[in-house]
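Following are the structures in question.
The following pair of complexes shares a single chain, chain A, combined with chain B in the former and chain C in the latter.
On to the complex of A and B.
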């Protein structure tokens, strides 16, 4: 495991524990940062400890004790935190710490963008710069947003806790949205794939905590079904492989079964929400033996059950095109061209795909070129480039 | 093959034989399952063998996650599309099908087949003794959770089997054949004179699926 791996894995737990101990978010983050800096100095010569997370938590806690002593803050708080450092086996990896942090980061008093940013910073350990990049805002803006969010938590007295049972239903969607974003963050980026694992782990925890709520289970099913295809989505040298061309024998079929069973049980609770519907769509793909077996009419119908965002409309168009033929799909795409999806690379990429299936090579070429200029990741660009060369030979 | 799966296969073969021997009129007769004729009931029993995962999940979503509503719609649609001969053939082709109800295991699959078969035989007045070893699997597996699902009120009542060493609950005895008591647990309305005990008449109403 590289230092980077350990950082990604342990950051959230260290910060969550320190917040519980000190009640001070800025201090918790600073101490965590110092602990990781100390590790970076010490571990190369002394070796990585058996339980790096426990070492980091202890080190961070000692920094907090030092700071509290220097600042001579309330003697009571100091005694509390100091008492913790005497424990030979500190309570490490208490799942509730991160769950507490999750619900607090996703508190309704905070703006949605603040919740996501705060979760990515405090739980996932993304740097302010990375989060800024993900949200297409300058780093200083993101930095201010994070500071404001933490101040708001402190000043508004937002409690550091998992909400009481009766508040869980209204508080849960925000947590789910953040977890799914976290999952996608890792899913779209091989380097940070552990974020997906982290999201799945937190979702499992959430399902355990709220066994009667179907949407967390739906989200977990959705993640498991996507994640089961993880290893087949890129070629060894990093080119995107579309669903149609993925090697289905290499999908994780045990995980697909787990996802489907989880979804089946969740749906029977009689409240199918957007995550359950999306999981059902993912299940349609994951259970099709071959790409040609895919039940596209069913998928198209399922998309109508979701809130009709522009991206959902595009995905539904793809499904209809696959069910009723690319010519039908093309016509439907025209209706979307001038809407909010203008400039979104998957719009010309979808168009190019329909044109390719129709053998309209030169038009496909133009559409692939357009998609290529808009694509955001290297793996997509290389996929589109391959397609482009394929059609240009025939154009 | 494990014993439980042999029991499931045996039950399905028996049922296929029984259905194959029915007169055409019998397929239109009502069963103990509210609102279902033999046709819909057999369509329901064989539904898991035909339906794909996507179709099932999507259907369940369209029914708002209400499984009973979904199962009813699907059974009615399939009963219209498939002939009795096709339904029997579907059952025969799938005696070894590995379907299990969620969380129910193969015991659950056996219960499902046995109970629905009784829904047919009792309603049509066909005398049929469920083999003891199959009843044993089902009764040993009976959990309060399942009974709760059917919404049967058994407060102050003890069900006592007259043909097997089995009781359920505590209180005033209601006695009968184990297979009839199984139907009581599943909320079925029984024909008269199949149960004894001062409270036996209580189980003549409240039918669900």
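On to the complex of A and C.
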């Protein structure tokens, strides 16, 4: 495990524990940061401890004790923090400090953008700069957003806890949204793939905690079905492989079965929601024996059951294009061209794909060029570049 | 802070149902008062040592503060629960603001 892996894996738990001990979000983050800095200095020469998480939590705890001593806070708080032993288990009714942290970060009294940012910062350990990039805002804006959110939690008295049972149904959707975002953060970036693992782990906990709620199960199914294809999405040298060209024998079929079973059980409760519908779409792909076997009409129908966001409209257009032919898809794409998707790389990429299927090489070339300038990840750029070269030979 | 538009005046003499009794029994109410309408308000500002008085509320918005209750409770979740139970939440708006000294969850 690299230092980066340990950081991604342990950061949330260290911060979550420190918040529980100190009640101070800023202090918790600072102490966690210092603990990782200390590890980075010490581990290369002394070796990585057997339980790096415990070492980091203890180190962060000691920093907190030092700080509280310097600030001469009440002896009571100091004793509480200092008394925590390495072996301490979370209280019985709280399966994971991170879950507590997640519910608090996702409190409905916080603005949605603040919830997401706070979760990514405190739980996933993304830097303020990374979160700012992900949300296309200046770093100073994101930094203020995080500070404001933490101040509100502290001053308005947002409780640091998993909500009591009667509040869970209304507090859960916000958590799901954040978890899904977290999953995608890891899924779209190989370097952060453990974020997806973290999202799956937390989703499993949620399902365990709320066995009667079908949407957490739907979300977990969705994640498992996507994640089952993880290793086939890129070539060994990092070029994107589309669903159509992925080696289906290398998909994780045990995980697909688990996802489908979870989804079936959730759907039997008769309360479908957006995550169950998305999982059903993912299941259509994951259970098709070959790309040609894909049930595109069913997928297009499922997309109509989702809230019609611009991206959903684009995906539905792709499904219709695959079901009824690229010429139909191309016409539908025209309706989306001037909308909110302008500047989104998948719009020209989809157009390019339809044009390529129609053999309209020079138009495809232009669309691939446009997609290439808008694509955000290296693996996508290289995929588009390969396609571009393919069609330019024929154009 | 309990806010409402003009139509809220119709509820001025409604009382609070069982809310006041329940909250008194829980011991969470630390003070508060209903307010006369904004038409009877006087706004005070001092600029460059000059006293300026205006007839009416500080902001001409549709919703105005009609009263406030000081609540001393465990956390924001309890404050939300208390606010949501208040009859005015059904026709007006209740804004929860922490008080400055850091007592959490004051309405």
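For the reader, a short list of remarks on this structure follows.
By definition in this document, the second predicted complex is superposed on the first by the 384 of 395 C-alpha atoms of A that agree within 3 Å, B and C clash if a C-alpha of one lies under 4 Å from a C-alpha of the other, contacts with A are read in each partner's own complex, and residues count from 1 in each chain.
FYI, contacts are C-beta pairs under 8 Å (C-beta built on N, C-alpha and C of every residue); 3 or more make two chains touch, one makes a residue touch a chain.
In this text the structure is predicted, and so the values were computed from the model without any measurement.
Overlay on chain A: chain B and chain C fit together in the combined arrangement.
With both complexes placed on chain A, chain A has more residues touched by B than by the other of chain B and chain C.
By the touch criterion defined above, A:167 lies against chain C but remains apart from chain B after alignment on the C-alpha atoms of chain A.
By the touch criterion defined above, A:128 reaches neither chain B nor chain C. Contact with chain B, but none with chain C, is seen for A:214 once the two complexes are overlaid on the shared chain. Legend: residue contacts after superposition of the two complexes on their common chain; A:57 is shown touching neither chain B nor chain C.
Of the two partner chains placed around the shared chain by superposition, neither chain B nor chain C is touched by A:315. In the overlay built on the shared chain, the residue A:104 is in contact with neither chain B nor chain C. Of all C-alpha pairs linking chain B and chain C after the chain A fit, the shortest spans 31 Å.
Chain contact summary for the complex, chain A toward chain B: residues 214, 260-261, 263-265, 267-272, 276-277, 280, 283-284, 287-288, 295, 298-299, 301-302, 305.
On the side of chain A, the complex with chain C involves touching residues 107, 109, 155-159, 163, 167.
Considering their complex, residues 52-58, 60-62, 64-67, 102-103 of chain B touch chain A.
Residues 74-77, 79-80, 96, 98, 102, 104-105 of chain C touch chain A in their complex.
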